[in-house]
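Okay, got some structures for you below.
Two complexes follow with chain A in common, the first pairing it with chain B and the second with chain C.
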Partner chain A sequence: MIASLHLDTSGRDPRNLSGSLRELRSPLAGGVHSVRIQADGGADIAPVLEAVFSIDDPEYPGVSIVDLGLLEHVEVRNGIVGIGLIPTFSGCPALAMIADDVEAAVLAVDGIDEVSVSWLRSPAWSPERLSVRGKEALKIEFTVAVQIGTSTPECPLCGGPTVEKSMFGPSRCRSVHRCEACTETVEVMRG
Partner chain B sequence: MTSVPTEALREFLLAFADDEHLMGQQHTEWIGVAPFLEEDLALASIGQDELGHAVMLYELVCELDGVEPTDEAIDALAYGRGANEYRSCRLVEFATVDWAEALARHWIYDMVEGRRWSFLEGSSYQPLADAAVRASREESYHRRHAEALIDGLLADPTAQQRLAAAFASLMPMIGGLCASGPWEAEIVEAGIASAPTAAIVPELSRFITERFGVVLPGGFMDKPDPQTKNDRTQRSEDFAPLMARMREVLDIDLTATW
Partner chain C sequence: MARTWTDMDEFEGFLNDGGIVEVDDDMPDVYRTAVFTFIEMHANSEYMGGLTERDWIPKTPGLRHKMSVLAKTQDEIGHGHLLYMVAADMGIKTRTEMLEDLMAGKSRFHNVFHYKAETWGDQVAIAFLVDAAALASQQAVFKNCSYGPYRRILKRIISEEGFHMRLGEDRMMRIAQGTDTQKEIFQGALDRWFWPALQLFGPDSKPNDVLLRWHIKSERNEVLRDKWVQKFVPMLQSYGFSVPAPDLAYDEDTKKWDVGPIDWEPLKKTLAQGGPDSARRIGEAKANWEGTSWAREALEGSAT
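This part shows the complex of A and B:
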């Protein structure tokens, strides 16, 4: 039997969702992004998901690629795992490194013999895919705000409104804003 | 879906991929020498996007060729072909150290590039439609950047004159960027693109005139650039030195793993 599930990672800490298949069956409503999970009946998917969750984005050590919304699907069949990821942007230079890290982590799971990680052409990533936990970590650990749609990003330090100063910042996925309240220069993760 | 015209599609993909690749490389040459720090960063990011788009397109070429799109296979397409196998246009090959020309080219290229991707978003060739949706999201920043910078500069009479001169010098190359190659009729016929690249010309001419006061002469598309005749199988004189700069490190040791 193949279990096909949709795991909503946008509304809550995705690590908590990896506990059991039963828990995975009750995704939260209202999320903008779900992870497709397929597993044959006997497969224990939790350690596979935990292995994927354990990989951090090289740009943000301590922040899982799953929290950043890179995970699109996981398939486990007869010890063979297929993982589909999407890049935050097409010119990201870290893709090979992330794929290698994911492959090594999942291969280390008991009972897994083969892992293939692919970068999918679709869908396109957007900051809406960040989990609540991911946004919090960017804010607290990196003082990085997130641009959701056309909304005004909040200053990670004081919560004040920020104004864009430069569309391009220290890396391709960050622009530079300034907080109107506390005048701090703020990096903003954007699409 | 109608059957895919493989030969035409390959040429079409290469034309776009080569433009993206060379434009991306040209942007990176400004890193460290752009007039101010924000521009170093902007052109680094924009160049990175164009190179990313080129990779997506070269991957599609690999798939058509039945070759796994490994880094090596993509590098072979990007750096390893003979000059006559490239399908780039002269505008992206053009060597300039003039900031006004670089900025004018950035504006023209991204205006046209945005439209080229938009013609592919509903492509009957699904892998290309997927690539187009992703690229289009990224492109909006490029156009906004070029527009904002030009808005600022147009307020200054000297800058305005320099920009107008830059557009005038680039004008003979615009036709080549917008020219529909002989393969495009089949591409549009098969629903791979919703319109040929040349469909952009009236809109582009109007924008250039409105914004910069440069009037493109009627029928300028029919007066092909003397170096390439607007034929994407011909390389301009700037191609060989550009390719040599791009391959400079690669050529130190062809067997090295990077």
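This part shows the complex of A and C:
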């Protein structure tokens, strides 16, 4: 499944849009949500999107917040950028840090004078929003599984079925499972 | 699938070639015990650290910091949980036995959790100095760790501790740019925490340290400690704070800071559960453990 992009270009196509779309498809591939992009004519949104993609989750270095499904909308008008993100859970302590990182990265883009990053109250984040690339990075780099709905998460090491040992891992968005096949202790990203 | 080795030479050859030991391998008992003891101490430290962090949830100034303290508490307890599971899988002690030994003062946890955090400034100093020291130690273990289950969990713990470091820097920047009173509070905290943080690395590694030999640690204690000194002494000074080391000196030739002789007595006391706040900390952990026994019993009942 490829997440859809809603584009409102208010007239002419923004420059470099096709390049940006190609880049945006990768972190959205496999996710179920859509990202709304609005830009005025002539706006070069590629560097803005790249700047957002370049920000990693503070707890998963190397995994972009876009791959985790946090990006909801981007708006570029007259050098002013508005970015809407959604948190994996509302009490997440990384919110201020992520917003600061995104703001600094986008402000560094040529021609951008103002950036406002907001944390949206809806829609709620769910693990379905993770991209294929995000899931692979969590699995391979961090030995973290992902639980979609009430499905049984697979062990990132051996692919065996896991059982939940505790709903609460080191963060609200993770539980602790054990692999029934290889006994590995597995953290699972959950909704 | 379990692997066996005919003797210690063959096992050490396997480790020296970068081999990774897994839980069902027939590892030598001395290796099993050394790795288990190391992970148990790490688990205990995460758990005791989580309880310390928890003490500050109601007292933390401002929502921004309060959220970070809440999250750190959950992180530390979560890390402890994962580490206790990995340690228990080694078949030496169950998780309950490890926790009971901890409450009975029979097993160790890091020196820094044997001291009392007096003010918010102490929490800032801990997040800034102690978390950095703990992170540096864990990174050095992760780099070359020969025990697979521990290595994989360390990867995640390190990423999260890196996040704590940033929270610590954020706290430090705020207090360093604050009022004179705030700066005084932080200086007082530094005076209390500089030495315990430095001693977290431990005394110089012994030449025959099996943790180095078996690729659990990848770096000698004194090397890690020195890196920490070279980073934090100039950083604290640049923010206008003084380092509480009377013999502090800068060597123009080597371009390095020397903190002078280190008194290891305080560290020895903490390792024997005789630190300034050891009795209260362990007592509170024990009361907490006993006070929540009903929840464990209920869970065990519902799990059958």
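Here is the rule we use: the second predicted complex is superposed on the first by the 162 of 191 C-alpha atoms of A that agree within 3 Å, B and C clash if a C-alpha of one lies under 4 Å from a C-alpha of the other, contacts with A are read in each partner's own complex, and residues count from 1 in each chain.
Everything below uses one rule, namely that a residue touches a chain if its C-beta (ideal position, glycine included) is under 8 Å from a C-beta of that chain, and two chains touch if they have at least 3 such contacts.
This structure is a prediction, so every number in the text was calculated from the model and none was measured.
Superposition of the two complexes onto chain A shows a clash between chain B and chain C. Contacts of A:K139 after superposition on the shared chain: neither chain B nor chain C is touched. Residue contacts after overlaying the shared chain place A:P58 against chain C, while chain B stays out of touching range. In the superposition on chain A, contact of A:S122 is made with chain B only, not with chain C.
When the two complexes are overlaid, the chain among chain B and chain C that reaches more residues of chain A is C.
Contacts of A:G191 after superposition: chain B is touched, whereas chain C is not reached.
In the superposition on chain A, contact is made by A:A96 with both chain B and chain C.
Applying the stated contact rule after C-alpha superposition, one finds that A:R36 touches neither chain B nor chain C.
Of the two partner chains placed around the shared chain by superposition, chain B is the only one that A:M167 touches, whereas chain C remains out of contact. Residue overlap on chain A between the chain B contacts of one complex and the chain C contacts of the other covers 91-93, 96, 166, 168-172. Interface of chain B with chain A (complex): residues 38, 41-42, 44-46, 48-53, 55-56, 71, 127, 130-131, 133-135, 137-138, 141, 144-145, 148. By the touch criterion given at the top, residues 23-24, 64, 67-68, 70-72, 74-79, 81-82, 85-86, 89, 149, 152-153, 155-156, 159-160, 162-163, 166-167, 170 of chain C touch chain A in their complex. Within the complex, the chain A residues that touch chain C are 58-61, 91-97, 141-144, 157, 165-166, 168-172, 174, 176, 178, 183-185, 187. Residues 89-93, 96, 121-124, 126, 166-172, 191 of chain A are the ones that touch chain B when the two sit in their complex.
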